[in-house]
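Shared chain: chain A. Partners: chain B in the first complex, chain C in the second.
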Partner chain A sequence: MRGNRLARLLLLAGALMAAPLAQAADAVKIGILWPLTGNAAAAGQAAKAAAEVAQDIVNNAHPELKGIPLADTAGLPNMGGAKLELVFVDHQGNPSLAQQLALRLITQDKVHVLFGAYQSSCSFTSTAVAERYGIPFVIGDSAASNLTGRGFKWLFRVTPIATDFAEAYMRFFDDMKKQGKSIRSIAIVNENTDYGTSVGDAIEAAAKKNNMPVAIRIPYSASSSDVSAQVLQLRDKQPDVVIFISYTSDSILYMRTMRNLDYVPPMVLGDDSGFSDPSFIPAVGDIAQGVMNRSSWDIGKPGSTTYKINEMYKAKTGRDLDDTSARNLQGMLALADALNRAGSTEPEKIQKALRETDLKPEQIMMGYRGVKYDETGQNVLASTYLIQLKGKQYEPVWPEKAATTPIQWPMQTAKH
Partner chain B sequence: MILLQVIVGGLLLGAIYALFSSGLTLIWGMMNFINFAHGEFVMLGMYAAFVMVLWFHAGPLAFIPVAALALVAVGLLVYFGVIRSVMRGPMLAQILSTFGLALLLRYLAFWIFSANFVSLPPTALRGTLRIGGILIDVPQLVGGTTAAALTIAMHLFLTRTRAGSQLLAVAEDRAAAMLMGIRPDRMQALAWAIAAGSAGIAGALIAITYPFSPSIGEVFGLTAFVVVTFGGFGSVPGALIAGLLIGLIQALSAFYLGPIYKDIAVYALFIAVLWVRPQGLMGKA
Partner chain C sequence: MRNASRAAFGWLALAAGAIVYPLVLPGAFYIDVGTTLLLAAATAAAWNIIGGYAGQVSVGHAMFFGAGAYLPLLVYKLWQWPPIAGLPFGIVVSLVLAVLVGMPTFRLQGHYFSMATIAVAELIRLVVATAEPLGAAIGLQGPAVGRGVWDLTFRSGLPYYYLFLALLAMVLATSWWLQRSRLGFYLRSLRASERAARSLGVPVRRCKLLALMLSAAFTSAAGSLYAVKTGFVDPESGLGILVSVQMIIVAALGGAGTLFGPVLGALILIPLQTLTNTYFGGEGSGLTYILYGGAILLIARFEPGGLLDLVYRARGLFAKPAPSSEQSRHAA
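Here is the complex of A and B:
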């Protein structure tokens, strides 16, 4: 009996002593919130694969990826080679579920940083939880303007935002007008959650500032099973450019319905998301020839660092990296850089390191001018270029210095 | 002219609603059993068509019947494997069993087909008809007319045939039907086979037009419940009329009020109808 108790005591003491030792080599836990099922599951799964590529780049030595911080070494050198551990949760595109899961990640899984959350509405709710608990939250891809500007101290956003895109679109229209294209009015069609509404608002505001008439603004629900009424409204107004701020199934449905109703405007400009989803081109590539889209991602020439990163992603998924996933990959890399500089998993130290982030263009894989956060947590060096669907892929066409092929206007399938 | 186009579009959409709702009303009305997995049956029909097209380059004439047969098999499997035993259990077990089944089927589909949206490559059923300035999508037209034909056939089967009357008798009073020499087990298996089979046909027809992923069953499942409640529990013609009506109201309100108001219009009318006629448009009180 006594021997038994003694043995237990010894075991306990041993465990207590072993605990701090184990901690030193402990992994850094990153809780990642994405829609892994539901309407936007395809985008969520693609982003998950991208995050795993980022994890591979950081955790293993990849000296072939020139310029990318932490690629050379295995793990985080300032933390004794600690590895990144990713904890994925599925919020299904549901903002209240995202909120609950953020809470679970912080209180039960004890993650050190949060990352996510694709839909702006889900980022909106989950970042509020992180703010309350004082855990850094890095947003890789959600574009709604209202995410920053809430006075949050723990939120950092790597991606360009709605106002950046809206201004880029207006500069693009000006350039087109200078080339003699007729753009008398535009139409804005947006899904009606935070993402579509805020991007739609930003474009409407930018259009007003630039004296560009908005013929019609159509907010709709992304889970619509039919969009013919909306397409008929567009046909009625005859705008020269229709800007879609849409998710996956709805963007496919719009293209199909436009074809069925024998109406395709002179130019369709997709605001990323659905138009960049891996299912978009296989489903409606034939109807969508000449559709424009925005992207901060370009695969680049064979042998380049971006090309090699794309090869890693391709080996995993069989597909090229799309803009949304690439922005997430970049977000993870920027986060890893900060974690390494923090040299600790203490939230305050990570927060400080994130604030001090200053990545140069040659250190990143996207078409940004760098990564540097302002006091709201927004990356002020983020930007985009415009791409056009030609054959089976999008090609950069604007601004001219990034273009690999001349722009085609009106789009090939236009019928109005 | 544009009004006419909106109306035609709404009716065609409504016919599709009716098509995938008719099987649900059959189970609900004939067996007093709620099948929450009905939307998933439609989803499986879509993937059955998808697999046929992908592997065998089948046309609609082949993949629609195959989807129907595949789902008849699923329906029988579900009945003999799950439903027959839970029917003896409490009401809550009955409801939750098909709910669990729905999730099982959905996540099985996620596992097998991944979460990506897929769509069928061009089939023979493609294109647009132009009739006096009105544009009609051919797959929607075929889907709509098939829906009408199918629901009418189902109605005739229930009211005019021996098997149909036996099915109704079992629903009315199981014990009395057994005394009359009807085997309830067989009749109920038949009802599940028909319901699942019609969901399979619906899925295959819808797959021609719509992109889909394993979670699509959710969208169709909910709509089917609204259509069936609106049309009247167990009334097959009711489902057809309710489906058409809902499609029409959605199209008109989406065009004139804006798409975000269309569901408000539909559900406001839905509540209003239930307030006046709780049994639905054509249900028995």
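Here is the complex of A and C:
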């Protein structure tokens, strides 16, 4: 009896000692730089929640998420079930602070990988630190095209960039022409800071390459309180498609002004941002019926993997997953896949695994054609869906295989 | 005499502390925080020459900082020169700016001068943000991986630390010289009352312009070192109004118009910023700003003359006669 109890005690002690041993696989630390306060705080906070959903998917068993790598197991199987540990820092949108925090994450927190950094300015400075220290840096969402192409060996970007969007638009126009729609010329209207300028430039360059005449390009300030002059310029040129690269209040202002001046082109194509803002549809949904927009993210039908991921995010934040946060979530998942294949936290092995990344469309949650990096670290398979406003929401209409409803061209409210 | 030697001893101790700091706390992050502190102290001390001693509160110093920050990256972009070679060009541009801005705006006094400097700085920011050769809204970047030592892209933060320390030492030495020079007395007199100073024969506008040029040159040099270290500048980080505001806050917090004030301000503000961001930043609760703002509010409410006033008052309890501030000591 006594011996029995002793044996049991020993067993218990052994079990207690073994428990930590079983989890001895050290966590993989990912340092994440985002603007959690300041101008872009809302985007940073939403992305933070998305990163935590990615962490949940990898760290816990989620067999219900079909196709997503590492969802059905807990932790990283090749590393003895190691968990992802996220260290968030707030760079406040300040490039110098981002540089300092990247240093802190590498030297103090000893993170194995860096992830971030939303504003391109902050990505510029923090990736340079990672490059000097030889730590992999995965960019979830910063679109400036010259981030890659600086000869960096430790930089990987999952998200599509301005040139990808521009090319997608051109492929879309080609498809439309094949269907007999008339697209003789396009117009580009862009807000005049970093975002609008770089996307506008990319579209103009792609149009030139594809022999698509650009009738007019109109840069403007997003804080303008009157855009009638710009709309009158558009009416004068009569383009078949007007592409807006705009923030929230200005995209709403454009829709209202076009309506008031009784001119709406055959098709309005919004470049995400303002057109995707939650306040856009309630404000001008009725006069913007048929407006097109881009998004790499689509919630999908109930029961689908994307729908379930959205439910996880919704449970956390009370909102649907937006395009930007979804791209970050995808970035984290693609990174986790590489970490698992690396099977080690050594920077060189992680770098090698990232280089060898080859995710198929069915393994990802976004509308990309996959994840595969070129020698500059850019995902060459990144792409986007085009969506169209029908009723109270956007529906995917292009490419055809993702479409849930036929495209309507010209848009319902067109008047020219 | 005893006072002077005590001050000299204090400065010596501070200098020694600054020199050994990175060797005592050798983590790259601590060195970077130290460098940030030195940068804040140097820009605030440079601002102090015109804003403190002469009492002309410029809220547009970002234009000099920005000129200093843009030129190195511009010479790199245009001719692939090592960025640091742009430093003298930055100073030249800043001096020209100082004259162009100073000539008309020094006719204005008090708030009007501050408003005019804000307007000019914002105008420059907007122009740069749309100027394609200056990288427009996207900004300019330096060599991410150095091609040689002269590119000053060090993995270790030590060289930057000592570069910034040298700059701060130069600004402080100049301020120290200024304090006891004729120009320094003229500046303080015109701060007290411009009309009285003029009636006593002080060449008011020339003095102000000289002080602004001196201030601009040092601010620009600090901007150049910043750009060399950061390897990136965009309109917001180089020319944004927050750049100007930080110089003022740091100087005013420590004590504007005193030699040690800007250093003290930086010694308090930068660690406070770093600590709050380290411990509360990751949650994204905004607590960083609340603590930071709260500290500034408390000082503005209870010590509007800057923390240095508090030091002198405390010292006054033990020594007689009690000097209430550094400048009264010099005037005496």
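Everything that follows uses one rule, which is that the second predicted complex is superposed on the first by the 254 of 416 C-alpha atoms of A that agree within 3 Å, B and C clash if a C-alpha of one lies under 4 Å from a C-alpha of the other, contacts with A are read in each partner's own complex, and residues count from 1 in each chain.
By our rule, a contact is a pair of C-beta atoms (placed from the backbone, for glycine too) under 8 Å apart; a residue touches a chain by one contact, two chains touch by 3 or more.
Values in this document were obtained by computation on a predicted structure and should not be read as measured data.
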Touching partner for A:Y133 - first (chain B), second (chain C), both, neither: second
Partner chain(s) touched by A:F88 [first = chain B, second = chain C, both, neither]: second
Which superposed partner A:D194 touches (first chain B, second chain C, both, neither): second
First, second, both or neither for A:V380, with chain B first and chain C second: neither
First (chain B), second (chain C), both or neither touched by A:L36: both
Partner chain in contact with A:A205 - chain B first, chain C second, else both or neither: neither
Which superposed partner A:G44 touches (first chain B, second chain C, both, neither): both
Partner chain in contact with A:L261 - chain B first, chain C second, else both or neither: first
Touching both chain B and chain C, residues of chain A: 36-37, 41, 44-45, 192
Chain A residues touching chain C - in the complex, by the definition given at the top: 34, 36-37, 41, 44-45, 48, 87-90, 92-97, 99-101, 103-104, 106-108, 120-121, 124-125, 127-128, 131-133, 144, 146, 150-152, 192-194, 197-198
In the complex, chain B residues that touch chain A: 2, 5-6, 9, 13, 110, 114-119, 128, 130, 135, 137, 209-215, 219-220, 223, 247, 250-251, 254-255, 258-260, 262-263
Interface residues, chain C side, partner chain A - complex: 27-29, 32-33, 36, 129-130, 136-139, 141, 144-145, 153, 155, 157, 226, 230-232, 234, 236-237, 277-278, 281-284, 286, 288-289
Chain B contact footprint on chain A (complex, rising order): 36-39, 41-42, 44-45, 192, 218-221, 223-230, 232-233, 236, 248-249, 252-253, 256, 259-262, 277-279, 282-284
